[in-house]
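Note that subunit A is present in both complexes that follow, paired respectively with subunit B and with subunit C.
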Partner chain A sequence: MLKRLNNQEGVAAALFLAPSVAGFALFFFVPFLIGCYYSLLDSPVDGSFVGLRNYGDLLRNEVFHRAAWNTFRFTAVSVPLNMLLSLGLAMLLNRNAYFRSWLRISFLFPLVIPVASVVLIWRIVFDANGTLNGLLHAWGWIPRDWMESGYSPAVVVVVYLWKNVGYNMVLFLAGLQNIPAEYYEAAAIDGAGKFRQWRSITLVYLMPTTFFVFIISILNSFKVFRETYLIAGEYPHEDIYMMQHYMNNMFRSLDYQKLTSAAFLMALAITVLVWTLFRAERRLARSIGG
Partner chain B sequence: MKKIIACSIALVMTAAMLSSCFGGGGKNGSGATAGEGGGTSPESGITLTIAVERNEGFFDTLKQKFEASHPGVTVNFKEYIATKLDKGAAGAMKQAQRDTEKFVSTITTELASGHAPDLLVVNILPYKKYADKHLLADISKLMADDSSFDSSQYYTNIFDTMKYKGGVYAIPTSVQFTNLWLGDTSLLGDAHIDDNAWTWQDFAEIAKPRIPQGGTALGGTPKEFLLSTMLTPGLEQFVDPEKKKAAFDSPGFKNLLTQAKTLLDEGIVSESFEELVTRGKDKGMSLFEYVGFRYLDELIFDPLMMAGGKGAIFRAPSVTPNGGYSYRSNLTLAINEKSKHKQMAWEFVKFVLSEEIQGFEGKGGMRGMPVRKATFRHALELFKEPPDDLKGPDGKPIAVPPLTPERMDEIESYMTGIRTMQETDDKIFNLIETESASFLSSRKSVDEVAKSIQSKVETYLNE
Partner chain C sequence: MRKALLSAVLAVLAVLFVFPIALTLTQSLRSEHEITVNLAPVSGAESSESTLDPRADKEYMALNWVPDRATLSQYYEVLVKQPRFLFMFWNSVFLTVPVIVGQIAVSSLAGYAFSQLRFRWREPLFFLYVVTMLMPFQVTLVPNFIIADRLGLLDSYSAIIFPGVFGAFGVFLLRQFMTYIPYSYGEAARVDGCGRLQTFLRIVLPLSKPGIAALAILLFIDNWNMVEQPLIFLQDANKQPLSVYLSIIGEGELGIAFAASTVYMAPVILLMLYAENHLVEGIQLSGIKG
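== the complex of A and B ==
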């Protein structure tokens, strides 16, 4: 009886899942596998099997090195910054601040404004003859061409933060509000100071949220390409030439071998990273007894 | 009006631009019937598809003639950009660029998926990148294997300009010169110009004291294309597409950038020329004029029409002294390596190179001079009898001196002196133009700009 019910539930679940599984397979998984297959051929048309040669070529390619390094560096810098900032903001707004609800909404604006229109503003701000340089000049500083110098990665980080801090802040806020106030009261009665409360209650109970925010931030950091591309074009300054520039240009210049192998390598790297993070989270959760 | 002129000049000038004849045929070849043929010849039922950006009237003629001489074969010109370009409209230049981009990306995708047409018109396509991927047939091999094709009948120096990685992956079928100027000798006076060897420095020195009041040293070149002009030919000095190396941070290139800036800053090359043209006051106002000589009669008569017969043809100054002439072909053909009808595609190339088509120059025909020696010479012979109805720009009749054998040799020497084809991959020119703008307007130092160009071009080459 119980088993039959389970079976029925299983069928129902499968039926409900089918559309989304089919969509995922059709638009993501199957093309990905086909791409993987093509990365082992020497030509997309009548190609012959060459094993890992494309990967070898790719790993020897200097431009690919630069793209990979820039992407890694950007993620390594921007994600921690993003998390610190959004956590800070969330804690500030979690108190009874003046205009609190308006401030919260305003931090979400970057998410709803279409990228293309925002990019126009960024371009005006960071152009060689732009607003920022105008201000610098007025203050007697030396203007520089922000997007075409060693400062360009900083600009990209700023744009990324502007775009993503609000979203993470909302996630953190939700996490903060889920921590029962009694815990703090109990801790206060036991004589714990503000910092101790923050370290032992806030941080600990925020761990699942933090983990989620971390993964989302990493994934979003790969999406910054769109803004970079729209601001600086397909051949930006060499310090902000990202993995996606490489892949985009490979696509345009017909190099499907490099494109598919680069895509596969990147997917592999992200999978390994996320898998490691999940394991770390599980271990952490066990150690704090959550 | 100004916009129209600016646009049309710009169109001629850029490295990989649209064919300048938009007015040409409007009929869409892709809609042509794919008749399945009678089945009398072994070639029956073959449909040869040719990729073109925009259709031209000449293509209809080509189709008819080829089908007539090859029964059972259907030729289908597949037009990729169907919209007409309104040259006068605002943003026509941008539109042209977008169309070209779309054309390039569509062809690229089709080639990669194996569904590209049998033949491609690669005037504005990055055919070297396709050859890198082994997607184009080596035409030099097809030529060598075909005993009925005698390459010595052609100006082989022109075919040699296409050599790439030990093969020839695209064949120019006509010639339009890209580094010939018309000079006004009445203004140049006693200037000594060795146009085979002169540099841009020489040009600046010669031109500066002789520029007419309110005029310019070089007409017909918009400011933003000056560097492209200076690098045609000459780009190959700084880029090696085979070895994937660039040398834009070299002193030679920095020098060129500085020279370009000097030319603009000192007003030697100015934008005012197009305004003069608009006001109809351009005559006698420029020392040199950029002319994309396309037809034989232009080579013969244009010098006579300038400044009361005081015009002369000069090779543009260059970073490569004695580097010969450079040209572009308004019909450069490449064969898809994966085509099922490779042999027939080669037949078509041969047909375009044949006497019948090569001699079909002028309105509704080839947009350029023939690459076939006998055809060129024959056309030249026809001008031996000077026409008596030639009129100058002012409407006055011009006396045409007879064409001497020496002058004929001189004109043919332009053909035999061709050494480089204008780069068809405009990406590099685009990068140079965009990056150098901030130096030309004094916002950045020459070192910064050269470094930036070098980094971007090397990225492009090595990706």
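== the complex of A and C ==
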């Protein structure tokens, strides 16, 4: 009886999933498998099988090293920074402030502003003869060529944070508002200080939200490529040359071997990251009984 | 007193967030001549040999907030004298709307299966969706291109719309959202003789309205912004959406770029002001639990 019920549910699930899975397979999964196959050939047209040679070439390629390292470094710096800032903002906004809804909408605004609109402003601000340098000059500090120097990653981080802090803040705000006030009251009666309350209640109960925020932040950290591309073009300063620049340029120069093997390696890295995250989440969910 | 201080700090931050948007608006009211003169240091020809000597008396781009004389001449140029602009605007609409409608339809069905039905490959399949969602566009670029070619979709909007409809983000967001709908609702409906499709249409879908609204807004933002896909899949310059056109204007015709930017971001800002509550509610409910 139970088995039949499960079966029935499985059939229903299959029907509900059919459109999505079919399209997903055709436009993402199958292309990905084809890509993996191409990465083992020496040419996409009438190529012969060369095993892992493309990967060997790729791993010895210096430009690839740079792109992979830059992407890793950018994600490793900007995602935690984004989470810290948005949590801080959410905690401030969760207190009693004037004009709360207007403040909230202001922080969310950058998310909805089209990239192409705001890129102009970024160019004006960060150009070597731009506004920021004008200000620095006026105050007697040394101007720098922001987009064409080792400072360029910092600019990209600023652009990313500006755009994405609002989204995370809204998520954290919901998480904070979902923690019952009684928990804090009970902890205060037991003599827990403010910091102790924050550590043992706020942080613990925000954990599920944090996982979600983490995934969204990574997703959006890859999207900042658009801004970088529109500000600095196909070949930006070497410190902000990301994996997407690399793959884009390989596409343009018709080097499909490098592109498909780089794509596979990037997919592998993302898979490992998400896998670890899912595992950690499950373990944590068990430990706090959520 | 503390409340005032907190509000003041948050207000300063909020101003920083809104600043680039406000600047675009004010710049759009200046005459083309004013813009060209004002932006000369940034767009100037000598920028290649710019020195960073702080003592050199160089001209920096001054940030003039307010136009010397407000005029609508940029708008006149963009909206009346350049029919191409409005043409591109519609291209953007034709690309964006089908993706939003399609992805909501496909992913609400799949989200229901992932959140309300139990079946065997549920966890691994969902994992696959999350991984795919995080992949940058470039990862499946070559095979996607080949598939579009095989299906005869190249140089048509379908090459962009179909992959957009089956994007994994909608499934992810709606699954998160629908997880909060208790199983018991569905069970009660089935006891009353409702089939699964009825349960989905009459109970789950209405309860998911905030999530769907948030998804619609987020998809609108994302697709209104697309740059990479049209550049790759559309050869015909007349088919390009506004996002691509605008990045070209930014290069050559700075004088009207701000008005063009403003017209471009107007729909998104209006949508935001109108539906901010839905957006916030939808984002929040999707992220409370992992």
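By our rule, the second predicted complex is superposed on the first by the 274 of 290 C-alpha atoms of A that agree within 3 Å, B and C clash if a C-alpha of one lies under 4 Å from a C-alpha of the other, contacts with A are read in each partner's own complex, and residues count from 1 in each chain.
Methods note: contacts are C-beta pairs under 8 Å (C-beta built on N, C-alpha and C of every residue); 3 or more make two chains touch, one makes a residue touch a chain.
Keep in mind it's a predicted model, so treat the numbers as computed, not measured.
In the superposed model, A:238 lies in contact with subunit B only, and not with subunit C. Contacts of A:174 after superposition: subunit C is touched, whereas subunit B is not reached. The wider contact with subunit A, measured as residues touched, comes from C rather than the other of subunit B and subunit C.
Residue contacts after overlaying the shared chain place A:129 against subunit B and subunit C alike. Contacts of A:145 after superposition on the shared chain: both subunit B and subunit C are touched. In the superposition on chain A, contact of A:256 is made with both subunit B and subunit C.
In the superposed pair of complexes, A:62 makes contact with subunit B only, with no contact to subunit C.
Subunit A residues 44, 128-129, 145, 256 lie at the interface with subunit B in one structure and with subunit C in the other. Of all residues in subunit A, those touching subunit C in their complex are 6, 9-10, 12-14, 16-17, 19-21, 23-24, 26-32, 34-35, 38, 44, 89, 92-93, 95-99, 102-125, 127-131, 133-134, 137, 140-145, 162, 166-167, 170-171, 173-175, 178, 208-209, 211-213, 215-216, 218-219, 222, 225-226, 229-230, 243-244, 247-248, 251, 256, 259-260, 263, 266-267, 270-271, 274-275, 278, 281, 285, 290. Listing the residues of subunit C that touch subunit A in their complex gives 3-4, 6-7, 9-11, 13-15, 17-18, 20-21, 23-24, 39, 41-42, 44, 47, 50, 52, 54, 58-63, 105-107, 109-110, 112-114, 117-120, 122, 125, 127-144, 146-147, 162-163, 165-166, 168-169, 171, 176, 196, 200, 217, 221, 224-225, 227-228, 232, 242-243, 246-247, 250, 254, 257-258, 261-262, 264-265, 268-269, 271-273, 276, 279-280, 283-290. On subunit B, the positions that touch subunit A within their shared complex are 105, 108-109, 111-114, 126, 129-130, 133-135, 338, 431, 438, 443-444, 448, 452, 455-456, 459-460, 462-463. Considering their complex, residues 43-46, 61-63, 66, 128-129, 145, 148, 235, 237-238, 241, 246, 249-250, 252-256, 258 of subunit A touch subunit B.
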